[in-house]
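Data block below; observations after.
As written, the chains take the letters A, B, C and D, and residue 1 is the first residue of each chain.
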Amino acid sequence: MAEYSPREMMAIAAARQIKDGDIVFCGTGISMLAAMAAKHISAPNSIIFFETGAIDSRLEEVPLAVADSRVMHWTSVNGSLADAFATMQNRHTGKRVVGIMGAAQIDRFGNLNSTVIGDYHRPKVRFSGSGGACDVASFVGRTIIFMQHEKRKFVKQVDYLTSPGWLDGPGQREKIGLPGGGPSVVITNMAIMGFDSDSKEMFLKGCFPGISAQGVQACM
Amino acid sequence: MAEYSPREMMAIAAARQIKDGDIVFCGTGISMLAAMAAKHISAPNSIIFFETGAIDSRLEEVPLAVADSRVMHWTSVNGSLADAFATMQNRHTGKRVVGIMGAAQIDRFGNLNSTVIGDYHRPKVRFSGSGGACDVASFVGRTIIFMQHEKRKFVKQVDYLTSPGWLDGPGQREKIGLPGGGPSVVITNMAIMGFDSDSKEMFLKGCFPGISAQGVQACM
Amino acid sequence: MNTSDNKVMTLPDAILRYVSDGCHLSIGGFTINRNPMAAVYEIIRRKIKRLHVYAHSNGQGIDELVGAGCVVKLEIAYAGSGRFAPTCVRFRKAVEDGSLAVEDYSNYQMTLRFLAGAMGLPFMPTRSSLGTDIIDKWGFTKPMRESDPKLPDKKLLVMDNPFGDWGDASHLVLVPAINPDVTIIHVQKADPQGTSRIEGLTFADVEQVKAARKVIITCEELVETDSLREKPDQNQIPFFCVDAVVPVPFGAYPTACFRHYDYDPVYLNDYRQAAQDETRFQNYLKEFVLGVDNQDELLEHVGKDRMDKIKADPRTGYAVGLDRR
Amino acid sequence: MNTSDNKVMTLPDAILRYVSDGCHLSIGGFTINRNPMAAVYEIIRRKIKRLHVYAHSNGQGIDELVGAGCVVKLEIAYAGSGRFAPTCVRFRKAVEDGSLAVEDYSNYQMTLRFLAGAMGLPFMPTRSSLGTDIIDKWGFTKPMRESDPKLPDKKLLVMDNPFGDWGDASHLVLVPAINPDVTIIHVQKADPQGTSRIEGLTFADVEQVKAARKVIITCEELVETDSLREKPDQNQIPFFCVDAVVPVPFGAYPTACFRHYDYDPVYLNDYRQAAQDETRFQNYLKEFVLGVDNQDELLEHVGKDRMDKIKADPRTGYAVGLDRR
């Protein structure tokens, strides 16, 4: 019996993707746990960075939103949204940013939907919308994606393409003019998936202890 | 015998063009004297403003450059060049800005040259260049122009059009897409000139005491 | 514009003077931090309707305006309140039942749209969202846009880089400027003339202010002009951008105000619960918004002890150890 | 990039490592304030040549680089040092004798070009300079531009507003981004990691830093990281933008550094005199630049009493009552 929760495993798996010197773009929840874990364990010189403009925050308590006052404490610079996104679009600093993100739907090329389920003009379900997710997915060196492993979330085609992954496959990002590097891994409660360097399609990299490839297949 | 210098008369004549609530874009030298005179005499609620980003500076000593530390003291905000020029290009605040400027050459439509005498690629004389002058002349509600009254400075056509006046005449600024209001007066060591509301051509509004229209004519 | 040296007025006066039915409004803050909540509640009490609202990620303030039926059109990047509401509940319901028309952009795009307005430009370029439905799917129809002079004819457009591959960019997305009729933000310190200082992250408040035709500043502390001018490097808003200055202690409550107070987890959790159900939400409005006359009465009604719990610790700027479940 | 926690190095090391013949350089400051003069003098001592320099209105620093023959191409808005040189003397001579190729822009255009570089965009739009020779007359020929991959093919271009009359703008001027190989600025405070604080006006220093591939910060005071992090609202440069941190007291001398010292009117007047004449200027370089090994020796050579005269008054940030004739 494992002495950790799937959520903890996901956070640690993501943390292991973060290297010293990386600028880590954080959302709330598990992505912030992953960034904090990396900073405290494996990558002490990684930099926690929020779209709200906080750089290298000293997180003495877990923020409950990227605008939580807890991200403003003991930073290098307290900037603005304009500063934060410019850092990610910037040709020099943008390459160093690792984006951690989640979504309601993902397709095999790592394109994400966090806007609606159903027709955009008559949605069955409405979500929060892009926030900074589309910007991060457009700009940064690489992205790490968190998903719950459920059939309804792994879809053939997303209902609304909020954040660009590898779009329709190899060369598409370059062709359309996106600067960023695209998604590198998808981490779920069951497994870790990568993207084939040629086809840009998602493949199963490995399962967490006690999970089988068949089990993963059954959930997507 | 007048108990003031032509330079003092020019500064006061310009100061009288400034109203309460005006945001006054200042260069160095006489334009700063004019702004300071207005603030201390006729328009106490006018706002002294520098392209370097200083807003409503408390000028206890005369700055010798728009970047002089003296402009940074006791301001409302110490901003940046980007902030200062955005204030002038801004559709709401830009209309309230009065620009005070000088030049090496001026034509009858108030177009200014502060870049070169002679051919741009082989100049006889090279000057500082636009600085913020072209931006101010492009953006703001109205401009006040200081000139020394000399034949060589009042020319049929400027050797280099650095800062836009009324360009080729009525409707030209609108046609080409310039937002600002254009030049309102030219103040020299001899006289004050306005611009005809129809033809946009410069005309003699009045001479300073002891100066005749013929005298002015002789110098342009 | 208001060129007076003393722009101090009451909140009802400021809202009455500058916010009216159908006007285009933008409010400052981000999700659960520094939303101008006192102003939001006053707008709801005044029953101002048909608002067209611009927001990047303003969570709580937008959701209460939407829930109270003040908003018909919303241009936004993110409608959430962090852990307290991953998707704002009243926003979600209004979109799903078709009572709210939404145009989706990214956070950077909304920020750039305010920046373009502040800079006096018709648009700003960005490399964000190429290949996404943010470009392909428009919430406002072309006829709707062309019939409204206060809306640009296009949501956005894509252009080739006219400088070839300069900057290694083949294509750019151009997003149109926003110039709201009025922007309302809440700051820590302002003087009677309007010079304002925000402590901590400024979000997009400065751009939202400079883009607007009229600006209302609500502040925790109304201070002497000299006390702000001693350190002008720390001020962000020049007085000539401001039309009204309204002192409102706890003016961002129940959202946070760095160095003054934290968000109130109890209030935000109760709000989310109430928001789920029509009747409970109407009762919430009756009790906490329409049932009080101003922010002071709201605080009294909620209770002094709750304010003590969220009081900011001077070292960190937030309420250390606050129970945030 | 340098990801070390300690980027402190000597000025010769920083210049040797990051500034080489033919590189594209931008320096901070404005006319006679906060120019990184110690770095400028070190570049002259190292005899670095064929520099391509970008400046908005950097007066003194640019004129000394030009006068020493380090610069072959200059993109600039304004070459003056206020009352001390309405037009920089060595700049004027170099342009008139054809030894310096100049491309003229306005101050806002140069600022926007740095901003575009900082934002990762190929260009920025503005409404400035329509109808002027800044648009019609190019200092760098098209062949010169097309043969140099480090230059955009166009000085700038004019476009119709693709959003119709949105923003009441019919036409826009697009100015191409600048991404210098290296930017050097002088600040009041920096920590060993590179986080930096500028006091007073920032000019375009922040944009110049963020646009550059490599960044050298010279600072009056090297301080503990914690002392800057106590008040992060007052810091402008994040450490991850910085490659070298060089402590140089009086590093902006003879230009001013707000709250530390004023410009030195004697030095600037003597400089202007010397600059008028070839022999006198070469003697100036020999005595004050090549004749000393570093900024300390320059200060010693100039004399302690002169430093006392320009010491900033703590209330105003400049030298009150300084004889500035």
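Quick notes
The working rule: contacts are C-beta pairs under 8 Å (C-beta built on N, C-alpha and C of every residue); 3 or more make two chains touch, one makes a residue touch a chain.
Keep in mind that what you see is a predicted model, and the values were worked out from it rather than measured.
Set side by side, the interfaces A-D and A-C show unequal numbers of C-beta pairs in contact, with more at A-C.
Between the CA-based centres of chain A and chain B the separation comes to 53 Å, rounded to the whole angstrom. Rounded to whole angstrom, the centroid-to-centroid distance between chain A and chain D, based on C-alpha atoms, equals 39 Å. In this assembly, the C-alpha centroid of chain B lies 26 Å from the C-alpha centroid of chain D.
For chain D, the set of residues that touch two or more other chains comprises 120-121, 126-127, 161, 167-169, 172, 179, 200, 233.
Taken residue by residue, chain A touches two or more other chains at 72, 78-79, 89, 91, 139, 179, whereas all remaining positions touch fewer.
Taken as a graph of touching chains, this assembly has some other topology, since it is neither a line, a ring, a star nor fully connected. Listed by label, the pairs of touching chains are A-C, A-D, B-C, B-D, C-D.
Looking at the complex, you find that chain A touches chain D at residues 20-21, 23, 45, 47, 55-56, 58, 72, 74-79, 86-87, 89-94, 96, 139, 179. On the side of chain C, the complex with chain A involves touching residues 29-34, 56-57, 59, 76-84, 86-88, 91-92, 95-96, 98, 104-109, 111-112, 115, 126-134, 137, 139, 161, 167-172, 200-204, 206-207, 256, 258, 262-263, 312, 316-318, 320-321, 324. Listed in rising order, the residues of chain D touching chain A in the complex are 1, 3, 5, 118-121, 179, 193, 195, 210, 212-213, 228-230, 232-233, 235-241.
Touching chain C in their complex are the following residues of chain A: 28-29, 51-54, 60-61, 63-73, 78-82, 85, 89, 91, 115, 120-135, 138-139, 160-164, 167, 172-173, 176-179. Of all the residues in chain C, the ones that touch chain D in their complex are 116, 120-127, 152-154, 157, 159, 161-164, 166-169, 172, 174, 176-177, 179, 199-200, 233-234.
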